[in-house]
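Next come two complexes built around chain A: one with chain B, the other with chain C.
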Partner chain A sequence: MNTNLKISNVTKIYPGCVANDNVSLEFNSGKIYALLGENGAGKSTLVKILSGVIIPDEGEIYLNENNLKLNSPSDAKKNDIGMVFQHFNLFETLSVFENLIIDSDEQRESLREKIDTIMKKYNFSIDLDIPVLNLSAGQKQKVEIIRCLIRSPKVLIMDEPTSVLTEQETSELFLSLKKFSEEGILIIYITHKLKEVMQLCDEVAVMRRGKLVSVSEIKNENIESLANKMVGQNLKTIKKKIAKTSSDQLIKITNLNFTSEDPFETNLIDINFSVNRGECLGIAGISGNGQSELFQVLSGEIISEKNSIEFNKNYIGDLNPQERREYLMAFSPEDRLEQAAIPQMKIFENVALNNFKSSNFFNNGLINENKIKEHSKKIISDFSVNTDNIELKSQFLSGGNLQKLIIGRELITSPDLLICFNPTWGLDVGAINYIHETLIKINEQNKSIILISTDTDELLKLSDKISVIHRGKLSKIMNTEEVTSEKLGILMGGAN
Partner chain B sequence: MIKIVKRDQPSRAIFFFTPVLAIFLTLVAGGLIFFILGFKPFEALKFFFIVPIADKYGFSELLLKATPLCLIAIGLSFCFKSNNWNIGAEGQLTFGAIVSGGVALLFYEQEGFYILPIVILAGAIGGMLYASIPAILKTYFNTNEILVSLMLVYVSKLILDYLVVGPWSNPEGFNFPETRQFSDSAKLPLLFEGLRIHAGIFLALAAVVISWFVFYKTYLGFQMKVSGFSLKTAKYAGYKGKKMIILVFLISGACAGLAGVGEITGPIGQLHREISPDYGFTAIIVAFLGRLHPVGIIFASLVVAITYLGAETAQIFMQIPKYTGQVFQGMILFFLLASDYLLFFKFKFIGSKK
Partner chain C sequence: MIIDINFIGLIIASIMASAVPLILASCGELITERSGVLNLGVEGMMIIGAISGFALMTVTGSLIIAIFGAMLAGVLISTIFAFLTQTLITNHVATGLALTIFGIGISAMIGKNFVGIPGKEFPVLFEGFKDTIPLLGPILFGHSIVFYFAFALPFITSYFLKKTKIGLIVRAVGDSPESASNQGINVRLVRYACILYGGAMSGLAGAYLSMIYTPQWIENMTGGRGWIALALVVFSTWNPIKILIGAMIFGGLTIIQFHMQAIGVRIPVQFLTALPYIVTIIVLVVISRDSRKIRLSTPSSLGKSFYKDN
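Moving on, here comes the complex of A and B:
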């Protein structure tokens, strides 16, 4: 029973961008296919078309020679196409079983039997009767996979499945995927991680700017060749200059705790660390382990005990972000569109969000628009934000340009410490390089950085020291030279 | 074939066009209703919208009704722009009227230039006090301001009822549910002989100018704007989000309270049961019809004020209940919300072009 999935001349145009430009591809069961590309290359659009979420402007999809009309996700399900999205679609407060029964038309008992069989077959062990919020990311993903398997799909699409997984969970996932493939399920694996493609897949299709650039067998490729295809140019590699270690302490966190009332937040438990001048401390971890809370505690969005944070010989634990800025701290939050900037406001208005005293943005309670605009122009040119119109609403900036604007806004005070959280999340390679270079430059000027990131490669590249956060606790601080990504992976999973 | 497509960005032109479209659709639908009721649609609409303001007296009445609407809507715009859903302006108006009326009664049969300012101030403070209840409950106890502010409307009306029937009722008033008439020093001066339009209109105009200035020119306004778009961003920028919430409620309450003062020290001249024909609720429509912009609110308050007058003339000349006015107000809001769809979507006519 072979499955053949054909995408023929699919085009999807969004205002100002061609997400899929006449893409044709053919898949056969028995193999695992990788769909590789940078953010914005159009791979998500393509799989959303396959799963009925997006309707293409032109083109056809054939499953075993049948022309499919996929107008909604339920059409895809009916045609045996299963999809596991990057972000889980689960009800956190419902039990695993309740989540699984929601979109199934089977009887409770027979469904339970079916799930038990599936779990036995693939060695999944999940308690069906506990609420989903108690599961780890890897387990949640398994629930999503089981949800697809219940319908015995012919095609299983995985969209960036490893972004929330530990190394160990990733290898477990790969084992399962290989098993599915042996059983005749056609697997399409979407990713931008080259290593995973090499490890898992048999064939790889590379997309760039909406176009399909190549289809090839893995055995004929290596990481460099794939990277160059993906980016379309030879990658410039940034090597961090090893900073001279100074012993001049800038910030010291002592016995810092945070207990949240919100069950979806993570408590921080007894955080202790210090950062010296000119140093970059990286904090690794799988997302949802307390990074967001740690960032907020450091930025002052969450106030803590006065003595728990010592910065430049001042105790500042009880100060709010604006007051901390006066001590020359700067912050770049993870969420560019909902926190670091307001998309509906103009560029120069967003610049005014960093209102430090000497800026004179606001005099006697009145807005000093000229001053703000002057400042904004400087940021735009100093940090190569690709626009010359500061009256533009910031929603029209690309992610990379918006991030440059935010980093520029934060750095314009020449702060002693920059705290950033996933600064290159979702950016293209060019912007990532720019941000990385900027961060290295900061260190070279003897300024410090706390880099909270879920991207291990980024941390290994930029940090002098690394610690791992797991369930609100920090591991001991290690020198980056002594650390490998495997070791980080183990710590991220919670082992010692 | 017509296809509906999402706009790349909300259209600015449409932003100002939809209120006009809503009014137009309201007229069409209103005409249709009159037709079904057996009237000639155009004639009926003329009675509703033109006849009431055709003479000097009518125009003065228009401004008289528009004044409280405008004042309250300006206050509400502070709340709505920062995503605080204060729908209890009617209660804040009533409580403001109670406090200022009480103060005015203290000065019964007294004269003095200082009396009116104190009375006005008392009204503003009354409105603020009343608005601070949902604000504080929201910020410190996570209650829903929609429910609290709405329920407090009925509480305030019952307090007013009790006062005018009981302790504050006019001793020589034959048990009518009303207080004594305020002294002339406690009343807003009339602007023209024989017309009811009074100095309260200047309060409304001042509110328009001040709100424009605060919102577009001051740091305070900037902080409110940011807090309205995203509380997370406000927190990150170091603004005091909770204080901001309380502040917008206070501003909104003060404006509603002032509107209450305008009513009882203007055309009414005393406290009784019916001091407001639901101005506090209708002002919500005014605020949105005016796009929460000070200038827009001026126009919107005039348009909505006509529906009050039109309803009265329609009752007199066409023998239809004056509640028709509320039907029109409802239709305006209905069509406004519906045509807001055009902000985010547009119709695309697909021809033979492939």
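Moving on, here comes the complex of A and C:
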């Protein structure tokens, strides 16, 4: 049976932002549709409207000619629309089975049978009786998919599904999605990754700033044409010059271990690596394999043995982040709004936060506001942060601007080593380009970078050497020229 | 000194009786907290229950009206808390503290007219069997219906949370209200229900104190039991069976230290009075050491307000 889903003149306005501006689209089963756009383009709002999470201000949705009133997620479920969210909607402390039965009206036994059938059919293998927090991201996503499949949906919406997956898991997911599509499920695939659109989808709708820009068939498009539609301008491609080899060692990590009591954290096992001046070491891996712990150990949020970290011929393993900054290390954590900046504080106050001793921001315990403001203005102009109001609270900066501010704050002290963790996570293409250029510039100034990232393309573009972290262990360190994204994918999955 | 075996039975029974209000209030608060709501107003809700029960008993003469009236009073005062924290999105901690202060104040005001009035005798069940079995007789028989209910409650609560659909929904809401809401669960409704249930149980615990345990009204008669109940919930790591153990230890040591003081054991009184608190916490910490299990049973969203963004 054919499924036809029609979105007609949907508008959703938030204070200060039109998230969806009169969007009309039509989908038919048998095809896989891509909804492409940068962060903030309005694609997530649109799919949240389709799944009943957000109620549109105007517009109608029709499924097989029936006008749907989607006032809550359960309305979407009743109308056979299934959705897998980017941030999983799972209950971490409940078991897999409890997660699945919670919105089902079926009896335990019959549901179990049904789940088993689905898992066999699509070759999923997940232990139903362990808590969800023990699953890998790929498995969690499968749980979400099973949850949708239990209801035999007509429409399945996937919101940025590959952001947490390895290459292998991604190709598995694509196989499953193709199978679903053949079985008559209408698939809408939301992403900002162009490669995936080309690989998987039949038709693509591009959104920009809340508006639908184009709808076209994939066979008439290529990566460049889609990128330009998505960004709305031609992008210059950046490339790193082959670095001159330097043998001047800057930081050396020796036999570093970290054992956590928290079951949500990963233990680090016998970490050894070194970084030379002017070099960028990339650390790849699927999120949750110890990156966050490694970052914290390197930044001093977690203290380790004194001798395990040697920086510029000093042993600094037992120093806290502030003391490490005095040795000219700088840090850009993953979570911009919680770790790197304090959302409720103003831009210039956030700038003052990481400069305690070596700056003259404070006189006898008093804040030298003028000095800090002057300094903040310099960062804003040097790093093209798109605001001129340093009194603005940081939470109102966009992700890209905030990241520029943080990198700027770290770099203005001209550190010898910058450690960054997913610096372009969730940013739009323009901001990503800017950050990448900045990082390349740092290396050109003979300063070093440790780049922990889950974005393989980014790592291949910026690093001189790459290692992969898996379950808290580092692989051997490879020269980037010897590495392909396939090879990284295999290592990220834990194989040798 | 020959100690009559039935005397030991009586001591154990009195320990159990003193554990009853803790078990009731803790199990109620446990459900509230499992849904992600931290209600620090247990002491206030208990004392409201205590005065309501006692006042209704004196005025109407009906024990049934008094017991259910006390529970209803607990529900009503917790409705204030629910409205403030869930509808007006106030801070859980501040609102809970205010609730306790409010409860203590208003109970003292209502209670003025009831000071010195003798309570009524509360009927006990199976009184005739008391002497049939040595030791166990006084432990098992001759208690009020509330007593039996209290000792069944941890098991009912455990079953409810683990085995029933609604229990699963309560845990889900406490784990991640955002996910629950996206799944179509009405988070606010679930939390309202859990708060009101917690209020009813605290009200019942208060009524037990003023109608059964020491049948009279004394100002501030809960004497911090609400706070102990709160601590039990946390130190038991949200496990109803461990609440039962903790309440028994606390009740036991309270009774025993009274006896020790009476016999004249040469240990400072202050230390003896502090003993139940210290030992209960140590024991519960020791039996709940497994950090993995703590993680699994701690409601992740505890005390955090839930805003629905639409």
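FYI, the second predicted complex is superposed on the first by the 495 of 496 C-alpha atoms of A that agree within 3 Å, B and C clash if a C-alpha of one lies under 4 Å from a C-alpha of the other, contacts with A are read in each partner's own complex, and residues count from 1 in each chain.
The criterion applied here is as follows: contacts are C-beta pairs under 8 Å (C-beta built on N, C-alpha and C of every residue); 3 or more make two chains touch, one makes a residue touch a chain.
Fair warning: this is a prediction, and the values are worked out from it, not measured in the lab.
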item	value
Superposition on chain A - do chain B and chain C clash or fit	fit
Partner chain(s) touched by A:Thr93 [first = chain B, second = chain C, both, neither]	second
First (chain B), second (chain C), both or neither touched by A:Arg325	first
Touched partner set for A:Glu301, first chain B, second chain C, both or neither	first
Contacts of A:Pro131 with chain B and chain C, given as first, second, both or neither	second
Vertex chain A angle, Cα centres of chain C and chain B, expressed to the nearest 10 degrees	40
Partner chain(s) touched by A:Asp202 [first = chain B, second = chain C, both, neither]	neither
Shortest span in Å between Cα atoms of chain B and of chain C, once chain A is used as the common reference	5
Of chain A, residues touching chain B in the complex	15-16, 299-301, 320-325, 331, 333, 335, 338-342, 344-345, 349, 352-355, 362, 365-367, 393, 395-396
Residue ranges of chain A in contact with chain C within the complex	51-55, 72-74, 77, 85, 88-94, 98, 101-103, 131, 133, 261-264
Of all residues in chain C, those that touch chain A in their complex	165, 168-169, 171-172, 175-176, 178-185, 291-292, 295-298, 300, 310
Parts of chain B lying in touch with chain A, wherever the complex brings them together	8-9, 217-222, 225-226, 229-230, 232-233, 235-240
